[in-house]
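As written, the chains take the letters A, B, C and D, and residue 1 is the first residue of each chain.
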Amino acid sequence: MNIAMLGSGFIGRFYADSLLGGRSRDKIVSVYSRRKESADKFASDYNVPFVTTTMEDAINRPDVDVVCVSLPNYLHEEAVMLCCKHKKAVMVTKPLGRNAEEAKRMLEAVEKAGVFNGYLEDLVYSPKFLKAIQSVKEGALGRILWAKSRETHPGPHSDWFWDIEKAGGGCILDLGCHCVEITRSYIGKDIRPIEVMCWADTQVKPIDAEDHAIALIKYENGAIGQFEVSWTFRGGLDLRDEVMGTEGTIWINNFLRTGFEMFTTGKGADYVAEKAESNTGWLFPVGDEVNDLGYNHMFNDMFSAMEQDRQPEETFYDGYVVNAILDAAYRSAKSKLWEPVKLDIWRGKTGITRESTLQEYDKDHYLVKEELTHYGAKKVILKNKKDGRIIEKILE
Amino acid sequence: MNIAMLGSGFIGRFYADSLLGGRSRDKIVSVYSRRKESADKFASDYNVPFVTTTMEDAINRPDVDVVCVSLPNYLHEEAVMLCCKHKKAVMVTKPLGRNAEEAKRMLEAVEKAGVFNGYLEDLVYSPKFLKAIQSVKEGALGRILWAKSRETHPGPHSDWFWDIEKAGGGCILDLGCHCVEITRSYIGKDIRPIEVMCWADTQVKPIDAEDHAIALIKYENGAIGQFEVSWTFRGGLDLRDEVMGTEGTIWINNFLRTGFEMFTTGKGADYVAEKAESNTGWLFPVGDEVNDLGYNHMFNDMFSAMEQDRQPEETFYDGYVVNAILDAAYRSAKSKLWEPVKLDIWRGKTGITRESTLQEYDKDHYLVKEELTHYGAKKVILKNKKDGRIIEKILE
Amino acid sequence: MNIAMLGSGFIGRFYADSLLGGRSRDKIVSVYSRRKESADKFASDYNVPFVTTTMEDAINRPDVDVVCVSLPNYLHEEAVMLCCKHKKAVMVTKPLGRNAEEAKRMLEAVEKAGVFNGYLEDLVYSPKFLKAIQSVKEGALGRILWAKSRETHPGPHSDWFWDIEKAGGGCILDLGCHCVEITRSYIGKDIRPIEVMCWADTQVKPIDAEDHAIALIKYENGAIGQFEVSWTFRGGLDLRDEVMGTEGTIWINNFLRTGFEMFTTGKGADYVAEKAESNTGWLFPVGDEVNDLGYNHMFNDMFSAMEQDRQPEETFYDGYVVNAILDAAYRSAKSKLWEPVKLDIWRGKTGITRESTLQEYDKDHYLVKEELTHYGAKKVILKNKKDGRIIEKILE
Amino acid sequence: MNIAMLGSGFIGRFYADSLLGGRSRDKIVSVYSRRKESADKFASDYNVPFVTTTMEDAINRPDVDVVCVSLPNYLHEEAVMLCCKHKKAVMVTKPLGRNAEEAKRMLEAVEKAGVFNGYLEDLVYSPKFLKAIQSVKEGALGRILWAKSRETHPGPHSDWFWDIEKAGGGCILDLGCHCVEITRSYIGKDIRPIEVMCWADTQVKPIDAEDHAIALIKYENGAIGQFEVSWTFRGGLDLRDEVMGTEGTIWINNFLRTGFEMFTTGKGADYVAEKAESNTGWLFPVGDEVNDLGYNHMFNDMFSAMEQDRQPEETFYDGYVVNAILDAAYRSAKSKLWEPVKLDIWRGKTGITRESTLQEYDKDHYLVKEELTHYGAKKVILKNKKDGRIIEKILE
């Protein structure tokens, strides 16, 4: 694939490391940045032949197969519209829009233009997530009751993130978009999110946007999604998921505790660990960040989809649903109410009813719980079907 | 100490194991149970001379120094009133009441009667908690922003827990009481809890009470407490705390991951692990449950307090505050609103204002973030004091 | 119990914290130290009425029930002989002697004098070990094949440890004694240790004794014990055991990873973590060191044994066996050969033969391995009884 | 690259998954297997156009750029000689030979033939190892003192592994080859291995080869390598490295504890976890096995090396050194002596002397240890340069 890269900052470089890693078949043929020196540096580091500070010029080139939008949030829509104009396949970094309105316009534009569209949500492509979701789909956890994703760290690298106008929000938009798509995937992407309760606050940073937020997302089948996001966490990047089902549990730690532990006095060398808050004492590096955070599997899906003329796992539609959920979170943080998720476009199931919780025990009772006592006897706790009374019964 | 034990079930036995452990100076001199055979078994196991099915008879004995109430929730008030009548020191298992009204009556009764009162909340006496809270008090974490406690397992052992009338509620009351007191302690027991938002549902069990709930508790200084409780968790007893402060983080795992891991095929023997959901495969036992869950340090504080004629760390007042918070959680779960915590009695600070988040950088700017770049240069993100604009600046 | 404490240094204070912890029934009635100011400080901290710099005076007092020897290794024998002379029960810190010769003289002396003798090996009383050994005895791991114990840290606190004459050796004697008794217990204290292979070196410290050593200990039944000890480890105190059996595995982490994790920038306060090599960054405190390292359960066994007129779990005989194994390790480190364990006194089993490894499959074959293939079929690997040929067979 | 694959079993399929993963540029153009049906299945699964049961026919094809030898150990030499005959680049799975003699013949053959040769030791290409070795090279751990690698599991999948003639040995050869190259890399591949002490036994399986072994490898600079290997481990695949340096520590867990934990009752579905010993209870999957075990980075290095006309990180020379160390281990297991590593060919440093352990403190003393006391004072332990006496000194 020949790629036009829009943006040459932190995420653009991460993408390039993945896109050009190993003995890649792909190359970046043009790069756009608002700042010439940043674009030049990127071009030099990644061997890109064409450099421009005019966005359209990077896109509108015959050799470009696909455009990768790695720009600040407030520039996504402009970039997408240009791709539509020039009929270029387009992939956009997360979040898709600053809000659902923007996202919806982008979704409608790419579908109208008939161009390939991919939503670059890497964390539902991380190897651990991929294996976990497969287990969930095979039923290892039974019915999913709750899925939480947590992403917290000491704050983003670039100035625009901290500017509520350019970013569209604070840590909810920056980190919550990951968490929403992760938990929505565990619960089922075809299950409709109904309403959101969110607490958000600016506890530490001198900014207008929130630097800490927690939300609950209720789905039509009664399952609950949850996110915990913050720019005030101390200790590195905390990236964990937890899922509860009727038959099992999943705990995933993507970053700070992955089986790699190092202690260093710092005397030996000027060693600086990536993303850590310190470079001495106990450090917890990640082996292969680009692979472990999902970038490789994500671009593999994107390009395979293009080659096979199918949709990737994550499209603008998914980005739009995520934005709609985040919008509800923002409204809730202000209104202090459970706010409905407004989805003008919904392509999943509708009218799902909740599963019954009644488990038959015998003709008069439901089963509440069954356990082994210390004495090795089996004990059941039962509920009388008629009068609702709870009793214990020891079985032989 | 000579102890009258009211209740001979699961928690009474746990308490007895702690009270009589090692080469204890203390003894249980009377035991009451609703069921004679249970009282007899307890008396035989723990060498108790006096057995009765009349509560008052267990209490009203000259040799009894202190009464330990290990009864189902709906019997706490009756037991406490009898202790007041007979001027006996009294310790009550958690939660103190089924609601704040009951708790308040008990609090007022013991204070009026002038009897020693202890609230048996073991988890703020666990060794890990004690060391963590000391670090927090010494300032290792800076200002506390958020404290979460999670307690989930596959459901309680006895029938009465599942009966909403006898228990007063479901997992919120059973498990949330622990979590509330843990998180309140990290945030500061003198900081007033203001309001609560709670989601609760009966997702799995055929019962009237909730089997899964999540709540946020807002404190007057802007800190947030959180609990996650469930009777539907699969995999054992999940008992974890997480605390975020401006200068640090604490993660405590009290049960399933404590540095003890065992794999067994189960062929070797009929080995049965305590509290585990399975007895083959990977198991995660706890070394010294009675000590690690805080029972030893709790009774040590209770009895030392009695001997030194001081209050223990946890009194009925704490139990009352916990009940008031849980009441607000129950109201919120129904109303779907943030519900105020109603505290007729409040003995902590009042009128606390939130700390400013503005960190001076120079006369024109506040500091947003400071970090080392890959290149070893120091970068600051600043906010203009006048126009609020965010800028990046690379320092030499 | 009324205790005479000999020694007022690091380990004496640890013992005192355990002996007098909680609402203890016991007290320290006399303390001896070589240095007056150290004895005085100890007496003041632990409320000890009698202080002396004459060892015999601390022992030979009518109110002393038991003597606790917390002295440097080269003073153990002198102390024990004085206890024998005055017919006092005696408990000695690890290692019992500087070598098996010393240990044997002490063993013979206490047995001849008929006094109670306890070997203060706390790590076979740690709560995790106690639960693990119970599982092993119940058969959860099948036949034990290998047991390793590792204790490494950045070096001991007091000068005498580093003096080979006073200590009798380096980290082998200081730390290996723990590891030997732990692994010997897993394999079975009645199984005879046969021979030892040991590597030892002085890799870092400017001392005569070894600062790093690894050894294998072969037992009569074919099981292997292993120790890894060092005074050159960076990162804190690494204290781990691993056990392999035919039916299971045990992994115990006693110190650096026990479910308590804290990050601190160090800005909040002058927080200093115990035993850690740093006081900022990620720290891993232990909840209740005195309990978790086994001191409480150890003294409880010692005093219960005295009260019940039985032997404690660890006696001078065990200390002697440990010293004999360590002697063989020292000889092996020099000779580079497997050195026999010389045990003039052996009270366990003798003439044990190894269990056969042949597992019958059918009349012509032994079973090598059985597994499920990807395809869900069962596959066996078999060995022909006659010609020894190995074959694969897929079963339906 | 066009690859000829020799062998279609477990490891061949793992290699193919890596070679053809993602949107690979490479393809397998021929496959050889001793069994036609296995070759056919492989060809069908991986879309290979040419299938043969004649080894030479798979190699000697014009479109073959490189031959990948994934055969049982006893067939490596034959395959390599055919590659030399036809001047084909060749990569051989681990271990290179059944012994150093075989390995040396292969090394000399490929060098004489002038063909590219790669040694497929994936575990020194695992992402965690690559990051760890970089830190070590940058000095984060100071001087390396000890490096251990452990690989244990319940036994290999195919019959030939269990046949000492075909395999050349048991778990030492099968698993020890990994561990030797890992630890040798940490210590420095240019540091000469001098001698080996090894214990090996057949503790469980009815086979002629060893099923459990532990060895120490002494290097010329005094560093110690260690391996622990077994086919008798219960609980899955245990794959861990530990490294100690004068300034730091590294702990890597490659398999059973990587931040992915799942509990399942097994009721939900017929879920079967890969490589686990059970499919219910707590399971610990690995996210992306092919990447996490190093296959991707290994083949990337191999093919990049071919394209850039340089040597890969691991060549037949490395395979030969590993075999020479393992030979010494086998001799030692029999002789019970430290056995010299016989290296006719050695291309690293020679005549290295050990670093002095003396650390200057002042003109009269060496520094033994420096620490902070509880009281906040700094304490040093010093050794007198003349008389060797050890003293303590408290600094203000």
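Following the convention adopted for this analysis, a residue touches a chain if its C-beta (ideal position, glycine included) is under 8 Å from a C-beta of that chain, and two chains touch if they have at least 3 such contacts.
All values derive from a computational prediction rather than experimental measurement.
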Minimal step count in the chain contact network, chain B to chain D | 1
Per the touch definition, the chains contacting both chain C and chain D are A, B
Same or different contact residues where chain B meets its copy chain A, judged by the half mark = same
Where chain A and chain C are represented by their mean Cα positions, the distance between them in whole Å = 49
With chain centres defined as C-alpha means, what is the inter-centre distance between chain A and chain B in Å?
-> 33
Any idea how many Å lie between the Cα centroids of chain B and chain C?
-> 36
Do you know which chain D residues sit against two or more other chains?
-> 234-235, 245-249, 263-265
Touching chain A in the complex, chain D uses residues 22-23, 25, 126-128, 130-132, 135, 138-142, 245-254, 257-271, 285-288, 291-292, 296-297, 300, 303-304, 307
Residues of chain B touching chain A in the complex | 145-146, 152, 154-155, 157-160, 162-163, 197, 199, 201-208, 212, 214, 216, 218, 222, 224, 226, 230, 232-235, 244-249, 272, 336-338, 357-359, 366-369, 371-372, 376, 381, 383, 388-392
Note which residues of chain D are touching chain B in the complex, please.
-> 234-236, 263-265, 277-278, 280-284
